[in-house]
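Multiple structures are listed underneath, in C-alpha cells.
Paired with chain B in one complex and with chain C in the other, chain A is shared by the two complexes that follow.
Our next item is the complex of A and B:
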C-alpha cells in the first residue's frame, strides 16, 4: 500500500470521527435545551441522566408557566420592539452614512476607518460604567428607547462600514445616468442605490437584529422595571428568583434561541456574509 | 467651469455632512464621549449613591482610585486569570475552528447542513447557551455529570463551574487542576470556534488547487501537503484571528458572569470592573479598572495597526 493511499485512509477515518464529534458537541446543548424544557421537574430530579424524551408524554407546563406566569409574552414583545427599532434606525442611518463615505467628497474622510476599528475593539464593560452613570444621573436609564439608542450606537459603525464596502462595488455610472435623467441625489439613492443593495441591506439588517436580540449586558444593567425586560434580562431574572427553575429557564432559553436559529436557517448566506464582513463582535 | 466644480464639491461635502451627521452624533455621544468621560470618572471619588447629586461635575481630582486598584491584593491573581483565560480561550477556539474547517472543507452529502449546525453555537443568545451549559454540567441535575458517574468516567458528580481546584488522579501521582477556569475556557472554545471556522474556511477555499496537484506530482503525501501547503497558506489568517480573538476574549464579560459569576478562580479584569463599580458601589475604582483594561487593549491595538500597515507595505 502506497503512502498516498495509506494516509488518505487515515484521513478518511479521522474525518468521519471528527465530524461525528463536532456534530454531537455543537448540537447537544440545543438538543438538551429543548428536551429538558418538555420534561416535568420530577423527571429531571429523579432521572437527571436520562437523555431521551418520551414524545407521547410531552409536558408543556414549563412553557405555560414561563409565558403566562412569568410574563415572557411581554418580554418577547419588548425584545422584538428593541431589535426591530435598532434594525430600522441602524440600517437607515447606516445607508446614509455609508453612501456619503463612498460617493461624496468631504474633508476628514480618512479618520473614518480608524473610528470604526476603535468602536469595534471597545469592551462593552468599559462603556457600561460611564453610560450607566450618565443615564442614571439624567434619570433616563430604565427605558427601552435608551437601550435602542445604545444598540444603534454600537451597530452603526459596522453598518456604515459594511454598506460602504457594498456601495463601492456598485458602478457609479448607473447613478450618473439617473442624475442625467433628472433625479436628485436623494432620488438616486432611493430609486437606484437601495433597490440594487437589497442583499447587502438584508445582511446588515440580520446582523443588527441578532446583536440587539442577543444582547445581555446593557439590558441587564439598564432595565429595572419587569415590564420593560427583554428576553435575556427576563431569563436572568427567572434563573435568580425561582427555586428549582432549570426546566423553566430551559423553556425560556428555547423561546429566545429559536427565532435566531430560524432566521439563520433561512438566511444563512446573508448572515454568514454579515458575520465575515462585519465579523460579529463577540 | 472651475467655479462650477468648486461649488459642486462644496455642495457634496455639505450633503455628506447632513447624511453622516445623525450617525456621527449618536456614535460620538454614546461611544466616544462615555469613553473619554470614563477618564474623568476614574479620577474622582464617585460612589453609586452620589450619582444623582451635583458632585459628579465638581473637580477635586484624585489618583486614589488608581492607587486602590493597583494595590488591590487580588490584582496579581486577576491578571494571571485574565491571561490564562484570554490566551487559552483564543487558542482553543482557533484550534477547534481549524479542525472543523478542515473537516467540512471537502464536499460530502449533508455538508451545508453540518456547516450551518456548526455555526449555531456562535449565533445563539449568550444567556441561553450559558444557562444550558451550566445546567448540563450541574453537579446535582446535570445530565452529562450523572451520565459520567453512571458510566464510571467520574467517581462522583463534579461542580465544573464552582470548584476552583480538582485533584486529578493519574497513574502514580495526583495533580491539582483549576477546574472552573478550564471549564470557562472550554465554553469559550465551544462558543467561538465558528468564528475561526468561517474565516479559515474562506481562506482554504482560496488556495489554488494547482499547488496541491503540483505537490502530488512531486510525490508529496497528504500529510506533507497539509504541512507544506495548507498551513503556510493559512498563516496570516491564523495570526489575524488570534489577535481578534485575543482582544475580544480580553473584553469578554457576559460569559464568565453568567457561568460562574467570577467565583472559583475565574475573576478576570472585566469582572473586576463590574465588582468595583456595581458590587462595591465604587464607580471611581470601577472606572480606574476599566482604564487599566483600556490601556492593555491600546497596546494590542497599536501592535495590530503596526502589523497591518507593515503587511500593506509588503
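Our next item is the complex of A and C:
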C-alpha cells in the first residue's frame, strides 16, 4: 500500500469517526428528550436505563396534558406573537438602518456604523437587572410588548450589520437607474433594493426569530402572569412545580424545539448564504 | 428633445477638486462626446446632470431652464450605465417599462412603446427573459432600450460600450451612430476611448482633471489640439512631443531639440524665439529616400501592426514614433533620414497651442 493511499484511509477513518462522535454527542440529549416524552411516568421511574422506544405503545398523554391542562397552546401563541413581532420590527428597522449606513451620508455615520455591534457586546445578564427596575417603575414589566422591545434591541445590531454587508455588495448603479427612472429614494428601496435582498432578509428574519423564540432570561424576569408566559417561561413553570413530572417537561421541550428545528432545516442553505453574503462579490 | 447646457459646474469632495468651471452646451439633437482619461471627472459630471449628485457650483439647464432643484426622476433625462445596471429581478419587458410605469404612463401606451423600442433594437424575442439569461451584447441593448423607451429630453451615456469585447464594440459603435441618425435625440456620451469619440461625435469635448481642455469637431481636436494634453491624448500612436527652443536663423526658423535640430521652413508668424514644445504626429513623419531628407534617426524597433508599421526611432536624445503605411525594410540598428514637413509641426508655448502661420 502506497503512503498516499494509507494517509487517505487514515484521514477517512478520522473524519467518519469524528462525525459519529459529534453527532452522538449532539443528538443523544435530543433523542432522550423525545423518547422520554412518549413514555408514562411510571415507566420512566421503573426503567430509567431503557433507552429504547416501543413505537406500538406511544403514549401521548404528556402532550395532551402539556398542551391542554398546562396551557401550552396559550404559550405557543404568546411565543409566536412575540417572535413574529420581533422579526417584523427588527427586519424593517434593520433594512432602513443598514441602507442608511451603506448609501446615505450623515454626521456620526462612522461612529454609528462601527458602534452598532458594541451594543451586542453587553451580556444580557448585565442588562436584565437595570431593565427590570426601569420597567417596574414605568409599570410596563408584565407585558409581551416589553419583551418585543428588548428582543428588538438585542437583535437589531446584528440585523443592521448583516443587511449592511449585503447592501454594500449591491451595485449602486442599479439604484441610480431606479432614481433616473422616476423612483424616490423610498421607492428605490421598496422596488429595487428589497426584492434584490430577499435571501439576506430571510436569513435575518430566521436569525431574529430563533433568538426571540428561544430567549429565556428576560421572559423569566419580566413575565408574572401565566396568561402571558412564553414557551421557555412555561417550561420553567412546569419544571418548578411541586410534582416534577419529567415526561411533561420533555414533551414541553419538544414543543419548543421542533418548530425552530424544522424552520432551520428548511432555511439552512438560505441562512448560510445570507450570513456569508457580501463576503464575496459575485 | 431639448438642448442641454452646463454652466460653470464645480464639485469638490473635501479638499479634492473633481470638477471646476465646466461649460458644455449640447444642441438639440446633437451627439456630443465627452472624452477624457479615467478619473478626469466625466462620470461625476454625468451623475450631476442626472441629479444623482449635487454640484457645488454652477447650473444644469435643459432647454434653457435650470433643473438643479429637481430630483433625478423629475429631470426627464435617461442614463445608460457602464455596467448596464439592469434590474436583475425583472424581465426585459419589466426593465423596459419600469420608467414608464413609474411615470404613470397609461398601459396601452407603455405596450406600444416597449414594442416599438424592442423592435428597433431587435430584442423582441428576449422580452420574457431575465438579464442573467442574456449575453453582454443583449444586456447592452436592453440598457439602451430602457433609455430610448422613455423618449426623454436628453440621453446621457456613461461608457456604454466598455464592457463589450473589441469586435462587438466596433459593431455596436456603428449601430449606435445609425440609430442616432434614425431616432435623433440630444446625446452626451462619455468615453475614454478616442476612437469612439472620433467616430461617434458630432462634437468632442476633451476633459482632463475636472476641466474642459478643448471643444470642437473630431477634426479640430485631432488636427488642431488646443494644448499638449489634448495633443498627446488624442491619436494612436500618440503625437511625438519635444521640448526645446525656437530660433531664427538666416535659413529660416529652426527648432533646437535635445541633440537634434529641425528645419521649420515655411513658418512665418509664430511669435518670439525661445522655449517651446513642438509636436508631430507619427503619420506626418516620412522616412526619406537615401541621400535626401533632414535629421537622421537610429531605428530601435519596427513593429508591424497589419495595415501600418510603427517605427520606433531615436532622434538625438529623444524617442519618436513614425507610422508608415504598409511594410518597410528598415531594420533595427540602421539609420534613416526623416522628412518632417514644417506645416505639419504643432507649436505649443506654456502647454498651449500657438499658430505657426504655416
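Going forward, the second predicted complex is superposed on the first by the 257 of 282 C-alpha atoms of A that agree within 3 Å, B and C clash if a C-alpha of one lies under 4 Å from a C-alpha of the other, contacts with A are read in each partner's own complex, and residues count from 1 in each chain.
By our rule, contacts are C-beta pairs under 8 Å (C-beta built on N, C-alpha and C of every residue); 3 or more make two chains touch, one makes a residue touch a chain.
Keep in mind that this is a model prediction, so the values were computed, not measured.
Within the superposed three-chain model, A:180 lies in touch with chain C and out of touch with chain B [touch as defined at top]. Using the contact criterion defined above for the overlaid structures, shared-chain residue A:131 touches chain B, although it does not reach chain C. Residue contacts after overlaying the shared chain place A:192 against chain C, while chain B stays out of touching range. Look at A:68: by the touch rule set out above, it reaches neither chain B nor chain C.
By the document's definition of touching, neither partner reaches A:58: not chain B, not chain C. Once chain A of one complex is fitted onto chain A of the other, the partner contacts of A:216 are limited to chain B, with no touch recorded for chain C.
Using the contact criterion defined above for the overlaid structures, shared-chain residue A:122 touches chain B, although it does not reach chain C. After overlaying the two complexes on the shared chain, residue contacts for A:104 are found with chain B alone; chain C is out of touch. Put simply, more of the residues of chain A are touched by B, taking chain B and chain C as the two choices. Under the contact criterion defined above, no residue of chain A touches both chain B in one complex and chain C in the other. On the side of chain B, the complex with chain A involves touching residues 9, 12-13, 15-17, 19-20, 22-24, 26-27, 29-31, 34-35, 37-38, 41, 46, 51-52, 56, 99-100, 103-104, 106, 112, 114, 116-129, 131-133, 135-136, 138, 140-143, 145-147, 149-150, 190, 192, 195, 198-199, 202, 216, 221-223, 244, 247-248, 250-251, 253-254, 258, 270, 273-274, 277-278, 283, 286-287, 290, 293-294, 297, 301, 305. If you check the complex, the residues on chain A that touch chain C are 171, 173-174, 176-184, 187, 192, 195-196. Interface residues of chain C, counted against chain A in their complex, comprise 47, 50-52, 71-73, 77-79, 81-83, 85-89, 98-99, 102-103, 146, 150. Chain contact summary for the complex, chain A toward chain B: residues 3-4, 7-8, 11, 15, 18-19, 22-23, 25-30, 32-33, 36, 44-45, 48-51, 93-94, 96-97, 99-101, 104-107, 115, 117-119, 121-127, 129-134, 136-137, 139, 149-150, 152-154, 156-157, 160, 185, 210, 213-214, 216-217, 221, 231-232, 235-236, 239, 246, 249-250, 253-254, 256-257, 260-261, 264-265, 268, 271-272, 275-276, 279-282.
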